[in-house]
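Next up is a structure, given as C-alpha cells.
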C-alpha cells in the first residue's frame, strides 16, 4: 500500500521515541498516583474547608494547558529556582503533579463512595483508623477507582505527547523528525497513531470491563 | 549564577493582545463544542441505527478520538489530510481536530446517559400518542442532557485547554499562539506564559462556575 | 369497542398469546386476572400497538391496530394506558407531565392544556401538587399522576396494568379508589390486577388468563363463585 | 458495668442527649425504646466512643470512655455493636468478615481466628455460609453475621441498635431469636428496639427515651403495665 | 562562574535547532549534524570538554537557556536588541541572506509577488517577525507561523503555504534535498542581513568574553571558511558590519 523509504534504523528511532513515551508515562503515573492517593486522603481527612489551599493548588494543574505548565515549570525551575534539571526531569515532574491532581479527585470520590456506616462498623470492631483504611476502605475504594484510574493513566500517556516543548523526544516528536527527513507525513502519522491506539484501546476496554463487572455486585 | 529579573510591566503592556487571543480561544472552544455535540448526537444515532457499516464508522471515530493524543489528531487534521490535497487553514484544522476529539468523547458519554434512562420512559411517551421522534425529543433528550451536563462541562474545559495545541498547525491568533509570538519577540517567557496561564485558569473557572449556575436553574428535579 | 380476534404473539420461540378472542363493549369494565407470565401485560401492549402481533386482528372502534395504514400515534390518543412501573417523566413537574402530550401531540395551547390537566389532576386528588417534581411524590401519587396524564388525552378506553402492584400496601387504596371512580363515570376499562376484591366489586366481567390462553371469562359472581376451569379454581384458591 | 453520668451531647445547635444517667450491671439486658430522634442511637455510639460527648462521663468497667488517655480501639474490643443498617464488608466472605478483626486487631493467627469465627457463625446459624459473599445473603443473615462478627471479639458488652428494623417482616424473627439466645447466655446487652414483645419478654429493665431525656426506666412489667410518665403512655398507646 | 562550571563539569551543552539544514539536521541514522553542530563541537574542544547537543525548536531556544537546560545557544539566533534585554549575545558567528521559496503552482517569482498570498515562516525567527510585519503593511494575505522549519517546508510542498521567507542557506539546502517536490527558491527577500550570534546568560561576562574570542579565533584560524565550505559552499559572507565597530 505504501512505498516507503523508512529504514530499519528509522524504525529503531521510532521505537526509541515510543520507549520514551512509555518511560515518561510510567514514571509520572507512578509518582502521580502515590501523590494523588496522599493528597486524596488528606483532602478527605481535612474536609473541604481545611484542604481548600491544597485543592486550589491541584486545581491549577487541571485548569491550565499542559503546554503552559511545561513551559512555565521549565522556566521557573531554571530561572527562579536556578535548578539545572534536564527536560526529562521537568517533564516527569509536571506530568506527575498533573496526574496527582486528577488522581486525588478519583481517590477522594472513591473514598467518599465507601458508606460511612461500613467504616463505622469497622471502627466499632476496634480497628484503628489505619486498619480501617487498609482493610476496609482501600479494597472497596479501589474497585470504584480502578476504571477511572486506567483512564487517567492512558490520558497521561496521550498527553505526554506535549513534552516535546521541554526537549524530550517522545514518539510524536520522533515521528515529526522522521517526517522532516522522509516526507511521508500520512504514513508516518498512521504508524504513530497506531502505536498509541494499540496501547490505549485494549486497556481502555479492560477498564470498561472492570467497571461493568464491579458495578454489578 | 544567572539572575532573572521579572519584568511584569513589559509583559503586561502586551495584555490587550493576549486578551484578543483569549477571545479567539473561546471562539474555537465554543464552536468545537457546538459542532462536537452535533456530531456526537449523529454518532450516537449511527450506533443505534442497527446498520453494521454505520455502527462501524461511528465506533472507529469514537475509538480513535479517545485512544490517540489530541495533538496527534490536530496534527493529522492539518498535515495528514493535506496529503490528500485538502488544504485547511490553521483555524479550520484546529477546529476540526478538537471537534473530532469532542465528538468522540461526548458520543461515548451520550451512550452511557441513554443507557441510564429506562426504556419504559419511551414506552410511556409512545403510549400517550407521541411519535418516536417526539418521545426522543421531549422525554429522552432532556433527561440525557442532565446526565451528560457535567461531562459536557468538563469537555468544554478540555476544549479550551486543547486550543493551545493550535500552534503546531500554524495557529497564532489564539491565546497560546499570541503568547508564543510575543515570547519570540521579547523572550519574557516566564511572565508571558504566567499571564496566559492565569487567563486560562480564569476562563476554565468561569466555565465551571457558570455551568453550575445553569445546572441549578435548569435541573430542578 | 375493542375486538380481539384470534390473536397470537410470540417472543422468539416463546408463544405468549395463543389465540385470544375477546370483545370489550363501550362502557364495560373488564378485569383480567391470571398467574405471572400468562400474557396479560402483553395483551394490553398489543391492544395499543406497542407490540406487534403475529396473527389475528385487533380492532379498536373498527380500526385495525396492526394494519400498516393505521396511524398508531393517532390511535393511541384514544387508548390510555398506565403501567405497573411508575413512568413519571422525572424532568417535568406534575403539571408539565400531564400537559406535555396534549400540547405536543394534540397541538393544544399551553393555557388550554393546563386547564384540562388541572381538572384531571384534581380529579385524581393531586390538585395541590401541580408544580411538584415527581421525585417528591409517593408511589401512589405517581400512579395517580400517570392516570391523570392518560386521561388528559381524553381517551375512549383506558388500560391498566397492575397499577398497584409496585406500591406499598397503604398506598394501594388511594389508587384503587381512583380506578373505581373512573369506572363509575362510565369509562371503558381493561384492568389487569391482582386485587380480587377490586375485581369482584368493580368489574362487569372478569377474564382469567392461563399460559397465553383465556381460560375463562364471566361475570364476577359467576367466575369467583363458581369457576368452571380447573386452573381458575387452583388460581383462586392460591390467592385467597 | 456501664455507668453513664449526666451525659449531654449536641449536634450543632440541636441538643440530642440532655443529661442522661444510667447504670447497666454485668449480665443485665436493658432495652431502650422511644420515638424517632429521641437520641437512642446517639447514646449507643457515645458508649463505645464513636461520638464525642459534651459534658458528663461514661465509664465502662471504670474506664472513662472519652478521656484523652483512653485507648478507644482497645476499649471497643470489649463493646460489640450492631447497627440498624447491615454493615457487611462486601469484599470479604462471611468467614473473612468475622476473622478480620480478631486477626488484625487482636493479632490472632488465621487458624485460631477461624476456629472462633466458625463457632460464632454456627452459633447464629450461619455455619453453612462460611465462604459466601455478603451480597448473596438475606438481610437477616447479614445481621446475624454482624452479630457473629462482634461476638468473635469476645466482647463483655453488646449494643444493638434496632437490628431488625431494616428487615423484611419474615426475617425479623430469626434475628430476635439470636438476641434472645445471647441474653439467655448471660451477655450484658443494651438493645434499642421497636419490638415491644421482645422488650417485654427478654429484658431485665426497659428505658423509655423522649427527646433526649430518659423519661422512665423500670422492669418490663412495670413499664408496660403501669407507665408513670404521660409520654410513655402516649408512646405505648401509639405502638400497640 | 559558568565558564568554570562548564570546564569543571567536563560538559558543554549547546542548544541547536535540528530541523534547520544546513545549520542543523539529522543524518540517516538520526544523529545530529550541521554547521551549528560542528561549531558547538569546536567550542567544546576549545574548552577541553565534551559537547552535548540539545535539540531545541526555535521558540524554545531561549527558554532552554534561561531554564538552565543548556549552557550556550549555537542556534542561528538573530541578535536583536529586544532579545538582548534577556540574554547576552556574542559577536556574530554567521550571517544570513533571506530568500523567498515558493510553491511552483503559486505563480510567485519575486518577493513582491507574495502580496495577497498565504505565506509562512518559523515562529519566533527573525524572518518570521519581519515577514509578519510586511504582510500587515501590505494589508493583504495571510501569515502563518509553524513550530519548525520542517513543518514550514512540508506545508509549502503540500501547497498549504504559497511561499516562505527563510535564510537562503536553509532554502537552498532544503530544495536540494529533493524531499520537497514542487518548490523552488525564487528570489531574495529585501530584509537586512540577519546576523546571528552565540548566546548565553546575560551576566556571564567571563563566558561571553570567551565566546567572543572563540568566534574571532574561528575566523582567524580559517575554520569558519572551512565549515562554510563544508555545509554551505560558495562565497563566505562577511561578518563585519560596514562602517561599524562590531
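We call the chains A, B, C, D and E, going by the order they appear; numbering starts again at 1 in every chain.
Here is the rule we use: a residue touches a chain if its C-beta (ideal position, glycine included) is under 8 Å from a C-beta of that chain, and two chains touch if they have at least 3 such contacts.
Protein identities per chain, from UniProt: A, B = Amino acid ABC transporter permease; C, D = Amino acid ABC transporter ATP-binding protein.
All figures in this text were calculated on a predicted structure; none of them were measured in a lab.
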Touch-network distance, subunit C to subunit E, counted in steps | 2
Quick one: which pair of chains has the most contacts?
-> A-B
Which chain has its C-alpha centroid at the greatest distance from the C-alpha centroid of subunit B?
-> D
Per the C-alpha centroid definition, the whole-Å distance linking subunit B and subunit D comes out as 54
If you average the CA atoms of subunit A and of subunit E, how far apart do the two points sit, in angstrom?
-> 36
Where subunit C and subunit D are represented by their mean Cα positions, the distance between them in whole Å | 48
At which residue positions does subunit E touch at least two other chains?
-> 63, 66, 68, 151, 154, 158
Which residues belonging to subunit A are in contact with no fewer than two other chains?
-> 71, 75-76, 79, 82, 176, 179, 185
Residues of subunit B that touch two or more other chains: which are they?
-> 1-2, 4, 79, 82-83, 189-190
Every pair of chains that touch: which are they?
-> A-B, A-D, A-E, B-C, B-E
Which bits of subunit A are touching subunit D when the two form their complex?
-> 115, 117-118, 120-128, 131, 135-136, 139-140, 143, 217
So in the complex, which bits of subunit A are touching subunit E?
-> 7, 9-10, 13, 71, 74-79, 82-87, 90, 164-167, 169, 176-183, 185
Which positions of subunit B touch subunit E when the two form their complex?
-> 1-4, 7, 78-79, 82-83, 85, 87-90, 167-170, 172, 177, 180-181, 183-190
Note which residues of subunit A are touching subunit B in the complex, please.
-> 60, 62-69, 71-72, 75-76, 79-80, 82, 154, 158-159, 161-162, 172, 176, 179, 185-186, 189-190, 192-193, 196-197, 200-201, 204
In the complex, subunit B residues that touch subunit A = 1-2, 4, 63-64, 66-72, 75-76, 79-80, 82-83, 157, 161-165, 176, 189-190, 193-194, 196-197, 200-201, 204-205
